[in-house]
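The structure's right below; bear with me while I get my questions together.
Letters are used for the chains, namely A, B, C and D, taken in the order the chains are written, and counting of residues starts over at 1 for each.
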């Protein structure tokens, strides 16, 4: 078990290294440079450009920059973000909590809604309501995610005034407990917009798994033992969690793409925006640092999902 | 949907309360400015964006500032700031500034002449990448005569000498002189700048928000609003919605549909003002892949004129802006001192382009109606910046109109960085360019000058080069008489318009949205924030929670 | 072990798919106006649906119905091609990994994981901002090239499962060479899995194209696509509902249909 | 509980399935007194399992009871029970042992938890449940109940799982125990132990037993009465299915029965203790297995009985000469199939070597291995599943010829037809799809396919297990002929002592 875990972590490290070096190279190959700041404003002379690039070593060949970057990272230094005028580490520290909050709440919300709902739908697959919910779930999945988010901004936030338009807290709003509530208030719509498609997928997967499981022999055994409907359902659910947990592992990688759109629309001060803007601004160290953190998060999340998968299905002995 | 003229709608608005008092009373609430762009960088030597200018000019005072009539020539149009007074040398090649004795940095240190020297040094350090560097090439050096006297030496006499000096913001030498070369951007100072302006930086979350607090003991008096906050929403729709929802107070430039929408929000006041930006389609005079060679098509003035004639700019502008933009007359906006509204544009004409192109041998037609010559279609590649929704939309309309003239316009829409790289590399046939002008004619020099002189032609994407144009501008700047200067510049405008260096598209007439609880002074079109310190709350309007005076200093 | 009779996709679904294909092919012929033609930007922009413009007009006064009809082939074509590319790449990598074994499998799967861990949007952004707007085929290629990983994992898993079955072991012991093993034994057995993966890839590519259009990375202007018709509303969904509602309904309908096909295929082949 | 009332009384029990017109069970009547045992036999598809489920009210979705169904448990009328009422009855008063033990156990819960849960549901303390759990597992022949209890079902062998299910069913000392094929996965010794345990349950706790099996011998041995179920109807009188001619009652159609005779088994074991050098393999042996260890890294569904050891095969050595037939025998779970798979390189070996005609099989890979496979062929245990289901019989056989370059196209088809004819496959069926063939026909196709490449050694894994006696006889004759005419060496894995005795002069017990 421990060896498998270590091997898994080793694989994770390889994945992270591959992701970071790919992004590192890709963004440096894209035209434009970090010191090009504004669309039409006075442009710098070639000499100024060269001086700036040289000051940060961007005039060196990419492999050399990469080796330097690796050395830098090894010594805990992530570089300087040009587009945000702050150290990359500070930028990540400032945006990571917001994104973690958003993703965590959205994930909990998604699976908290999706799994019970899907389990119910699967157990009562013949119920007309279950079929109706399934239809709704497919529609939610089919609607482009940004439209859902925009609708949330237009409807509940702007037209009905129930929620703030964007951002993470009210400018000069309350502090302390009130501040916390304020954050929750701001969080509600983006988290929901991020969670809905995931919840729909989770519900459909859970529904299918539950539907397949409910007639399994071991569920019959639960009844034959003297278990009631609840116990049977519990036994079925325990075994039917596997596909949903597999999905949860992949979901995290997808969620990073999702937050890019959601954070943009809701002006949420998180890493999705940081990465998006970093790419647009050709902020090399920021993108590399952001991708590093994002891939660490993804790898850890996948690992977590795998552990949960082992729990749900002990037959998956080896951590693949 | 019948659309009433938006301009008529705006005219029907109650006139702005004239309030020209420069200082507002203390405690004039909190102004939240909603914006899509991060102000960074916002130090005077390195600022680039409009929001960056806004923050830098609230944080730092210049030596002198251009006055309300926006005349950049000579000295009549300038008002003192950190410099209480100035004196010309007999040969007019130097100006000696005497600093205001009350002027202090936010940390309490006096502003000294050395700070002026530091200000120029930071601009001149190439590794700082100051966009101002190209604007102040006529300054030779700055000498600190004594603690409160700084003398600026110029290479040559020019109508805009004082304007050049106004671009050099004194910077606190006691904090910055120890910086290594190119170290301004990464310095601790850039994170926590110490300025001399009416506001100090209180808080900054990059790309999210920035909060400025009033400097209580400012040498020009305490500014009105206690706090000015910028809240940044990457999606403009969200940013504008914040103003509708009273989460923010100001949006500087509303798109026309939102001007209509604003009427649904009674707390929003619309403020129309004169624009300082213009948009054009510049022709590339050089071959896209080889800047040494002339462009195979567009180097021919007849083609440029034909393409210009083929565009119905009035229709295009109405489609894009309703009535909230003027057709552009040349490389200037109407609010400029040098503006010349008598210039006759190359008229829209459906027949003339066909005749010209026929005579040039573009007689064949593809199935889609695109003209052919020797089997090759008449195709142009347009570089369009994706971040500018207006220019993307304009490109689609231009594409459609040129298609009718048998010209195939391929829209190459790129994100800012890639757009910049392609534009600077001359990799395009036409480029949808834009330019935020200033009162001075420096923009004219750098955007359309040939680059034969220092500071000229830096922005000249299409590499238009006209000796007549250059010499007219140079003559104008050399004159000491503002009227002569203006006449020469106007003559230069006529030259470049006749040359059809670009299709002059539009100059928008911006409309700002501002919360009604503020009583506004006159809206400075080129820099509306300059009067922000004199905003005050309307005592009749209900204040919002955020207007309560902040408890922490 | 006998296979259950494969369920066929039912007639209604087939008819609907056929209808969509026909509409897509005939789209340009049916369009009442040229899809890129700005009819009268001053007077006819943002016209709500009327007898003249059944689905209204957009901000450039282009007929939405015409754009919708012609856009179908761009949206569906891109999605179809992207799904095809993803299918081919994913099957190749998944099969390769499962058959290569040991460190080669490990390496391939680590690369797959790495690509999966890379936010797809950022990769697309990097590619698109680097090169400017992509042509349709290039766009589909990029979408496919960034979307094959789940298929690869699925195929690898299924291949590994198949390799442990008696049928495949029988073929191996018989001495069937690897190439023939793939073409004669694995691919036929993988077919249902691949069909489901392909419909899934297609169903996810349709809304993705729309999402990219919102970020300005989708089908290049002025070519219409369902995604960029919606994006034309520039976020003003409520006042310009007609440019949002119809293409969205079409996207949702297409995805629902693809799901239905996938469901039929899955249920038909469940063991 | 009244002593006069029977433990279980069924009257007019009928079951229909939605969609199916006829009754799956029709007017079933029987009664079962305290401590009595009733055997129900019948061919597969007769409704045996449905009967068991119907008694517990656990009919699958879509099934309905016919009008007039009456089931009484002592004085309790079961038909009136609601969900809660059933909960109190099931597991405590009527318990059930399901047919497929792997599927009947929850895959993600440890054995202990699954069994203790029964006690919990019926008011036992966990302590008491645990005590009974240990006792029950010991009764079922587990030497180390604790270790078994801490495993997941997939970590157990089929036989172990079956016994675990029995222990679970016995936990509450039910009044009625319904056991559906409770011994199919067991080897003969275990089967007897389980039979004894059931008998003890009857004796000690007065449990009435309803034993369902297709194995009449078992029913005869363990039940007071045996009835037969055919087409959903219970035959009035216990029917004795006429045993197939030539097969004694003891050696019933299932191969396990033969092994049940301890004498036969001992005799086989004693016959040859394998030594490193076999006397009649003085020349270079065709196959040499040296100190072979094979184990599973991850105990999987098919994992054999691995009580006490991780390796399925430990330090196994033997040789096989050209043209020789070696029988491999052993109880289920001894590793017979594992040995075949290890030799065929379908499983990695832990230690030791497999040398085929001078080549260490572990040392080659890729193309050389593939070419060697031509000489080393296999007829899998479930021969039908090892064939490409969607191909025709002749195509499946021709493939073996084509991949080894023996013949191509039409020639390959012709040769394939000849091979099929050689193994006695009906010529009319050569173009029929494999999945339309019967088990015996597929077995022949599998053998023909394996013969195609012209192997020197054929490994036959239970070639007769799934065949009826007539077919069995044919296949054995075929193998005999092949040995004689082709000089084929055979590694014959079988439960069937008759087959072994007939073909293999030498036997390797596992």
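Here is the rule we go by: a residue touches a chain if its C-beta (ideal position, glycine included) is under 8 Å from a C-beta of that chain, and two chains touch if they have at least 3 such contacts.
Just so it is clear, the model here is predicted, and its values are computed rather than measured.
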Point to revise | If a chain touches chain A and chain C alike, it appears here | key: B, D
Point to revise | Two chains sharing the most C-beta contacts | key: A-B
**Study point:** Distance between the centres, which are taken as Cα means, of chain D and chain A, whole angstrom
**Key:** 48
Review point. Between chain B and chain D, what is the gap in Å from one C-alpha centre to the other?
Key: 85
Practice item. Report the inter-chain centroid distance for chain B and chain C in whole angstrom, where each centroid is the mean of the CA atoms. Key: 44
Check your understanding: Tell me, which residues of chain A touch at least two other chains?
Key -> 30-32, 150, 153, 276, 280
Point to revise | chain B residues counted as touching two or more neighbouring chains | key: 235, 237, 415, 417-418, 422
Exercise for review: Go through the chains and record each pair that touches.
Suggested key: A-B, A-C, A-D, B-C, C-D
Revision key, fill the gap. Touching chain A in the complex, chain D uses residues 53, 56, 58, 60-61, 83-84, 86-92, 95-96, 98, 100, 103-109, 117-118, 121-122, 152, 154, 168, 297-301
Exercise for review: Would you mind writing out the residues of chain C in touch with chain D in their complex?
Suggested key: 1-3, 165-167, 169-177, 180, 184-185, 188
Point to revise | Sites on chain A touched by chain B in the complex | key: 30-33, 35-45, 47-52, 54-55, 80-86, 91, 94, 150, 153, 157-158, 161, 164-168, 170-173, 264-267, 269, 273-274, 276-277, 280-282
Study note, to complete from the structure: In their shared complex, chain B is touched by residues of chain C numbered 36-38, 41-42, 45-48, 59-61, 125, 128-133, 216, 220-222, 234-236, 239
Exercise for review: Please name which positions on chain D make contact with chain C in the complex.
Suggested key: 344, 346, 367, 370-371, 373-374, 377-378, 380, 382, 384-390, 399-400, 403-404, 435, 446, 449-450, 452-453
